[in-house]
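Please find the structures below.
Two complexes come next, and they have one chain in common, chain A, joined by chain B in the first and chain C in the second.
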Partner chain A sequence: MDLSLSTRTEGDRIVVEVGGEIDVYTAPRLREQLVDLVADGKYHLIVDMEKVDFLDSTGLGVLVGGLKRVRAHDGSLRLVCTQERILKIFRITGLTKVFPIHASVEEAVNASE
Partner chain B sequence: MTETSATPRGASSPPIVAKTRVLLVEDDEGDAFLVRELLLDAAVDIDLVRVRSLAEAHQHLPEQYHCVLLDLGLPDAQGMEALRTVLDAAPNIAVLVLTGLADEHRGTEAVAAGAQDYLVKGTIDGQLLTRAIRYAVERKRADESTRRLYESEARAAENARLERGLLPQPLVSSRGVEVVTRYRPGRHQSLLGGDFYDVVECKDGSLFAMIGDVAGHGPDEAALGVCLRIAWRTLVLAGVDPDTVLPSMDAVLSSERSSEEVFATVSMVRIDPEQRAARFWLAGHPLPVLLDHDITPVPDEAAGTALGIVDGDFWPGFDLEFDRTCRLMLYTDGLIEGYDGQGGRRRLGEDGMHRLLLDLMGTGLGASELTDALLAEVRERNGGELTDDVALLILSWTDEA
Partner chain C sequence: MATVELRFSALPAHVRTARLVAAAVARRSGVDEAVLDEVRLAVGEACSRAVHLHRQHCPHTPVMVTLVDEDKTFQVSVTDEAPRGGDESGGGTLADLAKSADLEDPVVPGMGLAVISGLVEDLAVEHGADRGVVVRMRWPTST
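Presenting the complex of A and B:
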């Protein structure tokens, strides 16, 4: 299975909708997308993971890298995820402590910094 | 001999043929004619394609040629420059250079620069030319296989070196402790990944075990894994307060990693000398499991953040009662990230792996056989070799003194 990526603007934030499998093979495309957004001056990002079927440690690394990049510009990287399997990965790696995780894109868009 | 007129790139790529395909790069009509005639005379099975300039040759080189006959006096590149361009564009093709009588010295220069041989125009006949082509192609083939052999030997040596660093011999002297370790590299990887483990028994009889995983694959991750593993062993042998081990490894990781994106997960445990209590420190790693008649993972609440994520992070230990009749299993995420074998895209996950393990434990296997059976089962469910590396460590206690 492949990775699908699409971006749209919601208010002052950019929503990156990710679908499929984020693994060692596909993670570089997500990295490229996040790097491009930051290079483009977009520092408030929301990664919608509702359609993600699988996430491995390389994928987590890309999200962590994205977070560090936006933080360097006082930005934010919020995740949208309600899938228990994916949430568990964030819990076990302790990343729930660093990523704000929301139940919907709307909630993430309206969250105050 | 058959002659093909030069067609631009992309027309159609040639099939793999037994015939020797030769690209002649020669701007002089007379010399090109001569080469063609010589090969015709020799009546050999050679496909000759002729182009007039280096630019034209460049368009043809991605196609499958066995040999390039290169004139060193072309309109768009002279001498060694032309040769270097061809060698760069087609490093696997044998190159024979053609020189005139007056500049024979350039032939030896060309051979030193990577050409297989040189031929002096006007001194060759069909037999000599064909033999030179055949020899050049064969020598190039032999050189290539030697190079590949050397590369695979170098990689094997690098792997062996990294493997010693990542997957050491446990430092355990008590005969009452059995340590079973396994490591399987993932599919598509010629080099080891970043999984590592270690077990050290201290002088007071306490036993420390650790397993970890640097996110990502490749030599950098593996080297960082070695670095973290050595840091861990050093800290444990130095007898530092165990609560400070992970913060120190975190500091090492943060200063040694190649990019900010790199993080590592680690599970560490200390079993007291009487084997009555276990203290766990978990940094973003899959939860270790206690095995008796059932499977009990260390609770979720013990899980701290992976190393390299939060500056100045701290990992409070999590205490559990322990019983020496238990076995303790530590593993890396490769074990639970395979498919679950139900035909869909579902992954095995922790729960699935626990179920497999429970079934196998019912058969009364020893730790070593249990480990092998589990790995075999996980691989079978996945429908073949796993994508990620797997490291796995089982500690058991026996009644031997």
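Presenting the complex of A and C:
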């Protein structure tokens, strides 16, 4: 399954809904999306990963790159994910300590910075 | 013994193909369904790593994947032909590796192997005869 990307505004946050597979082939598209948002002055991002079927270290690298970009502008990047197979990759890599991970978009939107 | 060999050009698009083939052969070999996600991810990481190295050092050389079902074991070997001393960075945690990553390059050096080592219990990373590395991963089968 290919990568799907869509964005919407929720309050003062931008929600990036990602679906499909984030791997070495598709990750550059996600990176472009995050880069474009930051270039457009959107510094508080929520990446909704509930429809992601597959995530590898390339995808993790893109998310970390996005986090670094928004933090350079005192922004934030929060993740929404409840899928165990995806959460496992964040745990293995220790990135659960780097990203705030929420159970729903609503929870992420309401999280205070 | 049953063997499937896959040789593909060092293109990111083919990594998905390698993942799908590996998962299909693993299922047919009797690898537990609960472990198939792990097989898919580990093979994908090994192939992504090899593709990344080949694109840097030998873009016209294909990446080799061998899948063997033998003695109640499913073994996957991913072989690259890149020169020694490629991109494997040592030391530091994965989070450190990720944090120090180059913003312009989504492939974080060393992270693929680190993910594999976190996923696969039976793992061997060996130098090839002249160059490159063979990443061997094994899982038990029920047949």
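One rule holds in what follows: the second predicted complex is superposed on the first by the 113 of 113 C-alpha atoms of A that agree within 3 Å, B and C clash if a C-alpha of one lies under 4 Å from a C-alpha of the other, contacts with A are read in each partner's own complex, and residues count from 1 in each chain.
Following the convention adopted for this analysis, a contact is a pair of C-beta atoms (placed from the backbone, for glycine too) under 8 Å apart; a residue touches a chain by one contact, two chains touch by 3 or more.
As the structure is a computational prediction, the values presented were derived from the model and not from experiment.
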Under the superposition described at the top, does placing chain B and chain C together on chain A give a clash or a fit? clash
One more residue to check, A:Asp56. First (chain B), second (chain C), both or neither? both
On the A-aligned overlay, A:Arg85 touches which partner chain: chain B = first, chain C = second, or both, or neither? both
For A:Ser6, select first, second, both or neither according to whether it touches chain B, chain C, the two together, or no partner. neither
After lining up the shared chain so the two structures overlap, which partner does A:Gly94 touch, if you call chain B first and chain C second: first, second, both or neither? both
Counting only touches as set out at the top, which of chain B and chain C does A:Pro28 meet: first, second, both, neither? second
Applying the stated clash rule to the superposed structures, which of 153-161, 171-179 or 315-323 from chain B runs into chain C? 153-161
Where on chain A do the contacts with chain B and the contacts with chain C coincide? 23-24, 31, 54, 56-58, 60-62, 64-65, 68, 85, 92-95, 97-98
For chain C, which residues are in contact with chain A within the complex? 12-13, 15-16, 19, 37, 40-41, 44-45, 48, 51-52, 93-95, 98-99, 101, 103, 105-108, 111-112, 114-115, 118-119
In the complex with chain B, residue positions of chain A that touch it: 1, 23-24, 31, 53-54, 56-58, 60-62, 64-65, 68, 85, 88, 91-95, 97-98
Sites on chain B touched by chain A in the complex: 213, 215-217, 259-263, 265, 283-287, 300, 303-306, 309-310, 333, 337, 345, 347, 349-350, 387-388
Under the touch definition given earlier, write down the residues of chain A that touch chain C in their complex. 21, 23-25, 27-28, 31, 54, 56-62, 64-65, 68-69, 85, 89, 92-95, 97-98
